[in-house]
Structure formats: C-alpha cells, structure tokens
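Shared chain: subunit A. Partners: subunit B in the first complex, subunit C in the second.
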Partner chain A sequence: MTNLLLNIDAGTIDWSRAQFALTAIYHWLFVPLTLGLALIMGIMETCYYRKTKAFERGETNRDVVDFWRTTTKFWQRLFGINFAMGVATGIILEFEFGTNWSNYSWFVGDIFGAPLAIEGIVAFFMESTFVAVMYFGWNKVSRGFHLASTWLTGLGATISAWWILVANAWMQYPVGCQFNPDTMRNEMVSFMEVALSPFAVSKFCHTITSAWIIGAVFCVGVSCWYLLKKRETKMAVESMKIGAMVGLIASVLAAATGHKSAQDVAEVQPMKLAAMEALYNGGTDVGLTAVAWVNPFCQPDYQNETEAPLKLDMPYALSFMATNNPHGYVPGINDILNGYTTPDGKVEPSIDEKIEMGKQAIEALAAYRQAKSEGADDATLSPLLSTLNENMKYFGYGYVKDKTQVVPYVPVNFWAFRIMVGLGCVFILYFALIIILTYKIPFVTIFTRRLLAAIGLLPETEADGYEITRLPAWHYWLAIVLIPLGYIASESGWLVAEFGRQPWTIQDMLPTWVAVSDLNAGSVALTFILFLILFTTMLAVEISIMLKQIKKGPQL
Partner chain B sequence: MTYEFLQHYWCFVVSLLGALLVFLLFVQGANSVARTLGWTEEGRRLVYNSTGRKWELTFTTLVTFGGAFFASFPLFYSTSFGGAYWLWMIILFTFVLQAVSYEFQNKIGNILGPKTFQFFLTLNGIVGPLLLGGAVATFFEGSNFIVEKSNMVADGAITPVISYWANASHGLDALLNPWVLVLGFAVVFLARTLGILYVMNNVDDEDIRSRGSVRIIGAAVPFVILFVAYVVHLLLKDGYAYNPETGVIFMEPYKYLHNMLEMWYLTILLLIGVVLVLFGIGKTIVSKDYNSGIWPAGIGTVLTVLALLLCSAWNNTAYYPSTADLQSSLTLQNSCSSEFTLRTMFYVSLLVPFVVAYIAYAWHALDRKKLTREELNGDEHAY
Partner chain C sequence: MKRDNFLFRVFDLYWDGFRRMTLGRTLWAIILIKLFVIFVVLKLFFFPNFLKTHADGDEAGFVATQILNPK
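For the complex of A and B:
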C-alpha cells in the first residue's frame, strides 16, 4: 500500500474539484429561477385560462383576459432568458462525471448512471418539447394545450431535479448497492432503495422549495422595481400577490424540509453536521450555535480548542434538531476522529481504526484479484472475500493517509449554514409581511400597518390605507436587495451539502483523490479557466439582457 | 431476458439515440450555412428561428445519449470521456455556446452583439458534427487507451486510474487519422444536407427554398463521396473481434464486412437508409415543388447510422477498440452495467415510445403552419 496513489497529481484533484464546483455553482444560479418561475408563470397562465373561460361565459371583460395574457407572457420571457443558461451549464455537469471523474464513473456508474439516464428520458425531453410549445405555440395550439405545456415544462424541470438529486443523495448516502470484486465496482441491488432513499426525498423537497423561494423573491423584487418606478402597477401588484404567496408557502416548507435534511445529515454524515456547527467536542444536551467566531479563512484548531470562541448557543437545540430529543447525543469532530460510544451503546470506531480496516479491504481485494487471475480455487479465494466483505464498509478509508483528511473545511460549512438559515428566516418574515400588506386581510392588515407606522416604518398617513403602491421607497428597495440575497442563501445551501461531505465523492467509499481521471493538472486548469471566462461572460450578458427586458416591461 | 440480450438491447437503444442525434444535427448543419442560405438579414433570421424551435431536441438527445451510455456501458463513459478529454471538452464547449446563442443574439441588452452569437452558431454547426462524427469513427478505427481494473488496488501500479489515455493528446490524436476525418467531414456535410432540407420544409419562403435546392448540391455531393469512401474502407479493413467464451480480443480481416453479411438485416437496414437519403436529396434537386426531402432523408439517416453503430458492436465485435492494448478494447460484455441495472433500465426504456409520441405530437402542432416572414415579424419570442 505504500506506493498506491503516488502518481496522482494533487493539482489535478484540486483543479477537477474546482471545475466541478464552478460548473455546479453557475448551474445553480439558473436552475432555481427556472423551477421557481415555472411554478409562478404556471399559476399566472392558469389565471389567464380561467379568465378566458369566464370571458366566454360573459362574466368578465376582455381587458382582464388581455391583462393576464400579457402578464404571463412577460414572466415567460424572463424565464426564457434564464432557461438557456441552465441548459448550457447542465450538459457540462453531466459529462464532467466522465471527463474529470473517470474512476468514479466506473466504480459507481452501475448505480449512478441510471438516474442520469432516467432524467434524460423522462424529464429532459418533456422539458425541451413543451418549452418550445410554450414559447412559440401561443397562436398555434389551443389555450388548454398551451397551459398544459407551460405546466409540463415546469413538471419536466422538477422531475429532472428529482433524478439528479436522487443521484446526489446516493453519493451522500450510498444505499441499494453491493461491491463486486470481479467487476471491481459497486452494483445496484435495489432500484427502489436508490430511487426512494429517504435522504433523496428530503433533499429533493428542501431543494425544490428553496428554488420556489428564488422564483418568488425574483417575482416580488421585479414587481417592486415597477412600483418604485410607478410603472405597470397592476401587473406588479398582482404578480406580488402570487409571488408572495408562493414565497411564504415555500419558505415555511423549506424550513420544515431543512429540519428533516439536517436530521438525515446527523444520522448518516455526522462529520458534516459537526463541521456545520463547528462542534469540536460533542455529547448530550448539545446547544445549537447561534453565534461564534470561526475564522472564515483558516481551519480551526479543533483538536486543541474545546469550542469555537465567543460561542453563544441555544441550549439543547442541536440535540433536539439532530435526534428529536433535547438530551440526544451528537458527536463532535474529535469524537468522530477518535471514536465514540453513543448512550444506547452503539460503538463507532475511530478514523485510524477505519483506515486500518479500509486498508485490509483494499489488500484483500488486490490479493483476491491476483489469485483469481492465477486460477486459484475457492479455498484460496474464500478467506480473501471474507476479509473484503468484513471491511468493505470502510473501503474508502483505506486511501486516507491521515485522519485529519476526513475533516471538511469547517469555516465554509459553518458560515454557509448560518447564512442559509438566517436568510431563510428573513424570507419567512418578509413574505408574511408582503402577504399581509397585499391581501387586505381583515384586522390583520390594518393592525400590521399601524404597527409599522408606530415604529416609524410607514408614514402615519398610510397606516389605515390598503395601498401597496404607496409604500416608502425603501420597502421596494428591500425587495430588490432580497433578490441577490436569495441567490446567496441558495448557493450557501449547496456549499453546505457539497463541502460538508469532503473528502468523499461517495461517502466512506471513494475519496476525491481516487475518483479522479488520469489527466495532467495543466489541462484541467486550462478548461477551468475557459469555463470561468465563458460562464462569467454569459452571466454578464444574461444579466444585461434581463435588466433591459425588465426595464422594457411587458410591452412587445 | 438473458444478460446477453440486455447488453444487445441497450446497445440498440444507445445506437438509436446516436442515430437520432445524427439526424437532429440538421440544426447544426442549417446554422453552418445560415449565412448563404438565408442571404439577407431577414433570411438568416428565418433560418435561425426555424432551427431555434428544434435545437433543444438535439441538445436533449445528446444529453440523453450520454446518460444512457453512462447507465448501460459505464466503462465506455469512464474510458472515452476521461481519456479523450480534449475531444469531448471541445464538443461540449461549442454546444454550450450554441445553447445560449438563440436566446441571446437579438435581445436588447446583448452586450456582445448578434454577430458574436451567430458566429457561435456557425462554429457549433461545423465543429459539433465534425467531432461527433470523428468520435463515431473511433468505434471502428480505435483509440489510444489502456484499461486495467486492478489499478485502484494494485501496489505499484503506474496510475491508480482504471482507464487512461496512452498519450498526452487526450483524444486529439484521433484527428491525425485521415479516416476519422473522412467520417467526421461526412457527418458535417450530411448535417448541412439535412439542415438545408429541414429549412426548405419548415420555412415557407420562396427565396430560401430556391436557394436551398441549389445549395444542397454543394453539401450532398461531398457527403456522398466521403460517405461512400468510408463505407468501402470500413468493409475492407480489419476489425476488432472477440471470443465470447474467453473474452479475448483479436484482429479479424474484413470483420465489418463479415458483420454485414452475417447480420444481413443490418445490411438491409443500411441499404434502405442509403436509398431513402439519396431519394430525399435527389428528388429535392430535380423537383421544383418538392420540399419534404427532410423526411425520407431523415429516416434514412437514422436507419443508416443505426446499422453502422450496431455493426460496430454486435456479432462479437469490440465497439471501442484500443490501439494501445488490444485486450483493453471495450466490448458489450466487458463494459456493460450489471444485469440488475440493465434489466431495471429496460423497464424504464419502455417509456421511450410514449416520449417519442408526445414529441411527434408537439412537433406536428407547432409546424402545422410553416414559418414565414410575417410570422417572424409578429412573434414576440422570435430569435
């Protein structure tokens, strides 16, 4: 085992990771808006469809129908500008599994490839077929078919998210598979376990609801810009009503599903949770860190510090969050490194022990393959297989040289988690406020407006009004500022999910330095730079077009 | 369903997706000739808007082709993509440029100007088919890679990576093989031919249709010459065969000719395909009012490419041969997913006819009325 992996260039690993992260981060700038706006424009077109029916029955006038048609088309135009970039960055991600993570592609391709293929067959074709009908079919297909196409575009995008998150969840929590020493890979033994993994269900629900928040924040923010400019007020107000309702429902659901996701992490990726919380030493009755000083630029000295400086926590909250029990046991980084025993008697080996078992698995596998190639009989192969199977659970640890390699970068996890949760709370409050202000809820709206006036956030002359169009300018600016903050929250969520599982491409099974392709660092660095220039340029163009389109408004 | 059947079935599905992809490259082909076919600014917009309603299908087929290949033959995914890094990266790069070009080119706020994105569409229109065609040629010509599954655990292995390229060019070396270029350029000119036929069918414009019936000669003639040259070369060359009992790979003289003779149904498929393509092209050239050449030529393309791809893999043939180490060559047997995965994916693939049906319905619904200059000027989503 001494020479193993010496030939992998550290630069290749780092650049490959950087390239994948770059693509994923850019991809995730566009996909949430696609998912979120798909829902919002679906609701808007449904309004248009219903108003058309009402018009045909003589229950409303032509102007109302035209208004909803124009409003729907306006948001679909913005959707279209964003959609292409999501598609463009998505194809790179899929192929990068092969180009940059060649060993990974073989070692787990038997399981991982299936969700990607299903995503293509089931979701991408639905999305790409019906998005064309949505764009170009207004005067070519019936209203019903067009409405169905709009919803099917969103459904296709959502199903796509399902399958890619099934794949991602499997990397975090590999289930439904078995290692085959003859083919030298993991093979699927239960499709249902992979496709309906509880980790995948939580991840999907949390991700999709967070994407709806982005759609809602965008919709409300753009609407507020019109109110600020005193333009397109009717469209802005109606869009805000829909956007805020989607936003409130989505942010409450995101909080609930986030809680479930955190419990999943606590159960199967305790190191990620410890990094998210900067929890160096765990135990029972553990508090959730509200504030602490974790230096964002360097890994803390977790082995010698008892806890992060200036730590202020909510008592029992982390134990409760992780185990549904305020006295529950939560391991810290050092507990995981050194091994621990939970109060119910479950013994978790130390990382050094896991490394040892992983090495035994690798050596047994090498011996097995050597013996098999030499035509050895079952009596020779059987004990080797037994050793392999006994230690297979810790196979990936065999490639770890030092136990600290399995500790993810704490500052990114700690701060990204706080930014995500903090902004998530802001969104719940904000959308609740917008709903109260726009929906004219008996007593509640007036009370809230008077309360806002009492604390100086609303002019006293506006306290008893219902007009959302006459709020002070800073209200609208706040909504506009929340757009980039929504993206920051969303990207932070991804950072937690992906940084927190480092160094594993597949949890406990395959570290990044074994998953990589045989490339020289220069090649990958060059493609990284090319993609960085390309994506950044295209993002600049997209933002420019989007801003111009918003400035132009719903007219043709 | 036996394991062997599933391997052949998935080879068929992936080949069908590949064949459909080559047909759908008419988007790239038309974009590469948009300048001359459209002639005026408005004419060019007609061409871009015509292909702009289909580009997502081509893109999605490429993505699904990749996904299906990954799911069914992961060792190919691992070896070809990880090894021929630069070849695939250039392909991807041009497809990314294409994906944004439609939406961005004529929008207000496009800080790079429409010509930049039109250049991207032309670039993708030439480089995409050329390199995809070249990649297909490597199924017959071989690639410079080595596979050793024990590398991950063998002490002292040259590299811990299971499959790796045996030279530093990472795939670009394939372009030094003239026969790879012959098939690559054949696909470029085929895509142009199909692109012209598609636009002639899809756009109701006298100028473009009359220009197309002339321009098609310039695309079809080099295509036919290059294609025939490659098929003759293929039938006469030695091929990569394997023994299904032992898995040992060996060179067999006239292997692909033997394949075509032993799998006579593929030969029939190929001949029908070729006749349909020639019919579609020929009738468009000689008939004044015939604009439906895309359909026989398109179906013919799918049948022809399907037959060629199956010829590269069925009948105990190594479909991704290695020129560096013969025994590293990939076969259906040694590179496929497990029987469980292939069987599971078999059930998923039963959805494909349903998918094809709704694509056909949506396509028909959108194209019932052909694209005109009037529609272009009144369409708010026009590119």
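For the complex of A and C:
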C-alpha cells in the first residue's frame, strides 16, 4: 500500500483495501469474544443446571445454586454487551462489496451470495430467538429449555461463522463453480463442494478454536482483576478454572487445526506460505524459521538473497508443517516465480507461463463475447469456449504485468505469523499453569508452586499452599495484559490469511486492480475516515460500558 | 387470550423482558443508533450499488467492459 495519497486508480485500490481491512479488523474484535464467551457461559449455565438438580436431590445447598445462577448471569451480561456492540458491523463489508468491489461482486456471482444469505437468515432467526429466551426467559421457561437456549445462542453464532468462512474460503480456494461467459459470473455447480470445501473446514476449525481462546483470556483476565481488587473471589476463582480449561483445550486445538490449515495453504496457496516464512528458495528438508531479520518496512530482495539475514530455524519443521513429512518439498518465492517440479514429478508452471495462459483466457473471453454479439454459430463459439475453460484457472494472471506483482508483502506475513504462533505458545503455557494453580492437582500443584518460588516467581510463604487469591499483584496484571495480546494474536491470524493471498481477491482468477470499482480515490478515502471515526467512537463506548459493568460486578 | 396460551407466553416473554430491561435499554439505544447510521446515513449517501447506478440494467456487459478493458 504505497498509493494512498494518489487520486488515481492505484489510490482507489489501496483505499478500498484499507477500508475493507479496517472494517474486517473492527468486526473481528467482536466476533471472537461472542464465540468464546458463548462457550464459557454455556458451561457456566450447565454448572448451574447440574447444581440445581443436585439441590433437588438434597446433595447441595441453596447458596451453591444461587452462586452459579449469579455467575452465569454475570457472564451473560458481558456477552450481551459485546453482542450488542458487534451487531451489524459485518453488514458494512457487504456495502463495500457492492460499492468498492463491484466487478468482484458480479464476478463471484451467487457463490458468495448464497453462504452470506444463509448466514443472515441463521443469524437473524436462531440468534434473535434464543438470545431473547436467554435474557428474558429466567423464571419464564423451564431450566432445561433455558440452558438449551443459551447453548443454541452460541451454536447460532458458530453456524453464522461457518457460512462466512465458507464464503472467505471460496475466495482463497475457488471450487464447485463454473464461469459463465454470457453472464460474466461464476455459477455454483456443486453446493456441497463449496459448503464443505476442505479449505473452509480447516479455516472454520482454526478460527473457532482461536475465538475460544479470546473468550478464555477475557474470562481469566476479568477474574484476575477481581482477585487484584480482592472482591468476588469465589466467582473469580471458579471462572478462572473454567476459563483456563477452555483456554488450554482451545490453544492445543488451535495449534492442531493451524497445522492442518498450513497444509491447505501449502497445497493451494504456496506463495502465501513462502511469504509467511520469508522462504526465498525452497527445497526438501526445510526448517521452520524461528528467528530472522526481515525488515518490517520494506519488501526483501528475495530474488538476490538466498535467505533472510540472521536466520535460525528448526530443522525439518517447515517441511513437516506443510506436508506432514520432515523431508517434504516446500517451494520458495523464487521457485514459484520461475516454476518448479516437486520430487514426485508434479510440474508447476512459472508465473510467466501462467501470465500467458491468463492472457489466452482473457482474449478468448473477449472474442467469445464479440462473436456472440455478432450472432456467430456454435462452430465459431465452441473453440473459444474451450480455450477459455482450459485457461480459466489462471484467468487473473492475464492482468499481471510483472511477475513480482504476485508476491505478497513479505514483512507483514512473516511477522504476523510469528506473533500469532508465538502468542499461541504463550497461551498454552499460561493456561496450563493456571490450571495447575487453580485445580489443586495432587503433587503437581505443590511441585509447580515450589518451582515458581525457587525461581523467584512466587513468595516462599506461598510455595506450599493452594491459595490462588494471595498471589503477587503482577500475576493478576499478567492475565489482564493477555486480553489485548489475545486480540493481537487473533488479528495477526487474519492478517496472515488476507495479506498472504494478495494480490488476489479470488485466488489466481481476479487481482485487486481488476476487482475494484472505477471510483474516485477521494470518495473512498472519505468513507475510510468516516469509518475510522465511527468505529473508534463505538469501540470507546463498548469498552466504557464493559468496564462499568465489570466494576459493578455480578450483583445487579 | 388465556395466560397459558403459547402465543401469549411468547408475547409475555418479549413484553415483560423489554419492560424490565435496565442495561438492555442502553444497549438497544446504541443498536438503533448504529443501525440508523449504517442503513440510512452510510448506505444511502455513501454506499450506492455501483453497478445499478452505472450499468443501465446491463450489468454483465458493463462488467465485461470493465474486466476486458481495465485501465
């Protein structure tokens, strides 16, 4: 993005991209907390439901039941604030499709529209029904139905996320479609192929598990604030137990699903993987970069450098991550630019060859439409259609003037990937530690506390106890600091997914400069600034209401 | 309408729920303001459907011109 100050086409593209990124990043502040807190409040209400049953059997007392009811309602209140503030923030993205990305919107046809329409219907009916029962239904519906409504609210949000990610996955891996040169649209030929695309499945699993992490860090962070203030300690400790367990399971699952996502990326978007790793020249037995100096402010000279400076890697790890085989072949940026042959004989054309195929597709399409308008017969149209279909896979390359245009901005991908993975590892360790400290596991908890005391992270007086409410203040502050870090990790994942596929709005088929509408850059810049003001105001309002309610505590 | 009627209970759920809202009132106010800004101000004045305003009903032809003759 270097054309923001220009009032020409390049400026329109960059402002449109910046505006879409701003809106998507803002929208993604609310979604993961909704998905994560939905799971946590579902677990809390399940605890309440079980305790109620135990109370009816005379196995526990009324205070325990009241405690879980109050705790559940508190987390549902925070969920509600986030839910309300996030409502309709995603719809702005659809406006942008219609105004800023009109060529793209028409070109993708109903493939993109169908999942979004299903998402809208599901979101409206499922969420609006069960959210109402969840908030208004205490004392009005049975406990079982109320519990089911709470879980179904979360399920509705999760199903919504599924359809959005199906639409996104199609842009990254367009399947189940056929381009119609008469309507200039891609038409869906297999709904199942689109809806159950392996890319969408991996993306969904990784995104949802990462959203659970956000819910968990939020739950643990808010609980630690109460411990810091020495209030609501019972609720804080019990919430920490649930939050940490969700967080640990989610972090491990996010790592596993991330591995599967990386394999999908290696398969269908090798350039993205090469950019994520700053891998200029690939091969077999490739190591995963642990540390390297990639200048965050400029594209590296990948054509002349053999590898990034100061590179320190984990041997075989990238080959394993990409192919499940420590000796697997992973192409680098230059391999992809110049074409390569994998050890099993698969030949991938060079970018120059793809550009030629793309040009043939564009020329065939232009000739087909011209001939059709002049009333040509099938004998004339058929070979043109064949040429178009044969080369349609590389249609977008026909617009590429210089092969380096297909290399995404390496620094953003490289650093965002490291931030995401690094923080993911921190979360696994952190949640495991919180579980050990809060669950009183025989031997393990005391051993860990003594170890922490030995290295100065815990006072000696606390080494042999199980008390979680008397830790030094910085322990609680650490949990609070992890809340924004959770968001940074999550948004970094989005950056990798979206920056890594540049310049494609539809992988290999439509680059950004063809997808964008013929608008004046100034008008897009104006709406960008309007959004910036609107979103900042709304975020400030949300944070203010959320903090006020947290300070207020569980009592209404 | 009888009080144990299903429709009455649904109506009562929403009616009573909205009536007793506290924090919910603030959140609903924010939602309505937000929806007004998004659908009335932004959509009407800043986000027209580009193809509807430029293609004169022939969207396919317009997009073909745009895509086959990019600037």
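Here is the rule we go by: the second predicted complex is superposed on the first by the 545 of 556 C-alpha atoms of A that agree within 3 Å, B and C clash if a C-alpha of one lies under 4 Å from a C-alpha of the other, contacts with A are read in each partner's own complex, and residues count from 1 in each chain.
Definition applied: a residue touches a chain if its C-beta (ideal position, glycine included) is under 8 Å from a C-beta of that chain, and two chains touch if they have at least 3 such contacts.
Given the structure is predicted, the values throughout are model-derived calculations rather than measurements.
A.B. asks: Check subunit A with both subunit B and subunit C modelled on it and let me know: fit or clash.
C.D. replies: After superposition on subunit A, subunit B vs subunit C: clash.
A.B. asks: Check whether A:Phe136 is in contact with subunit B, with subunit C, with both or with neither, and answer first, second, both or neither.
C.D. replies: In the superposition, A:Phe136 touches subunit B and subunit C alike.
A.B. asks: Does subunit B (first) or subunit C (second) touch A:Asn520, or do both, or does neither?
C.D. replies: Touch status of A:Asn520: first partner only.
A.B. asks: Who touches more of subunit A, subunit B or subunit C?
C.D. replies: B
A.B. asks: Have a look at where A:Ala463 lands relative to subunit B and subunit C in the superposition and call it first, second, both or neither.
C.D. replies: Neither partner.
A.B. asks: Quick check on the superposed pair: does A:Asp9 touch subunit B, subunit C, both, or neither? Answer first, second, both or neither.
C.D. replies: In the superposed model, A:Asp9 contacts subunit C only, not subunit B.
A.B. asks: Once chain A of both complexes is superposed, is A:Ala292 in touch with subunit B (first), subunit C (second), both, or neither?
C.D. replies: In the superposed model, A:Ala292 contacts neither subunit B nor subunit C.
A.B. asks: If you stack the two complexes on chain A, which partner ends up touching A:Phe124: first (subunit B), second (subunit C), both, or neither?
C.D. replies: Only subunit B; A:Phe124 stays clear of subunit C.
A.B. asks: Once chain A of both complexes is superposed, is A:Ile249 in touch with subunit B (first), subunit C (second), both, or neither?
C.D. replies: neither
A.B. asks: So, A:Gly109: does it touch subunit B (first), subunit C (second), both, or neither?
C.D. replies: first
A.B. asks: Which segment, 151-159, 187-195 or 349-357, is the subunit B region that clashes with subunit C in the superposed model?
C.D. replies: After superposing on chain A, the clashing stretch of subunit B is 151-159.
A.B. asks: Quick check on the output: what are the common subunit A residues between the subunit B footprint and the subunit C footprint?
C.D. replies: 77, 80-81, 84-85, 87-88, 91-92, 95, 98-100, 102-103, 105-107, 132-133, 135-137, 140-141, 183-185, 362, 365-366, 369, 514, 517-519, 523, 527, 530, 534, 538, 541, 545, 549, 556
A.B. asks: Under the touch definition given earlier, write down the residues of subunit A that touch subunit B in their complex.
C.D. replies: The touching residues are 1-5, 7-8, 73, 77, 80-81, 83-85, 87-92, 94-95, 97-103, 105-107, 109-114, 116-122, 124-133, 135-137, 140-141, 145, 149, 180, 183-185, 187-189, 191, 362-363, 365-366, 369-370, 514, 516-520, 523, 527, 530, 534, 537-538, 540-542, 544-549, 552, 556.
A.B. asks: Under the definition above, what is the set of subunit B residues touching subunit A in their complex?
C.D. replies: 53-54, 56-57, 59-60, 62-64, 66-68, 70-72, 74-75, 77-83, 85-86, 88-89, 92-93, 95-97, 99-100, 102-104, 107-112, 149-150, 152-165, 168, 170, 337-338, 340-341, 344-345, 348-349, 351-352, 355, 358-359, 362-363, 365-366, 368-369, 379-381
A.B. asks: Which residues, counting only subunit C, touch subunit A once they are in their complex?
C.D. replies: 9, 12-14, 16-18, 20, 22-24, 26-28, 30-31, 34-35, 37-38, 42-43, 46-51, 54, 59-60, 63-64, 66-68, 70-71
A.B. asks: Could you pull out which subunit A residues touch subunit C in their complex?
C.D. replies: That would be residues 9, 77, 80-81, 84-85, 87-88, 91-92, 95-96, 98-100, 102-103, 105-107, 132-133, 135-137, 140-141, 182-185, 362, 365-366, 369, 399, 513-514, 517-519, 523, 526-527, 530, 534, 538, 541, 545, 549, 556 of subunit A.
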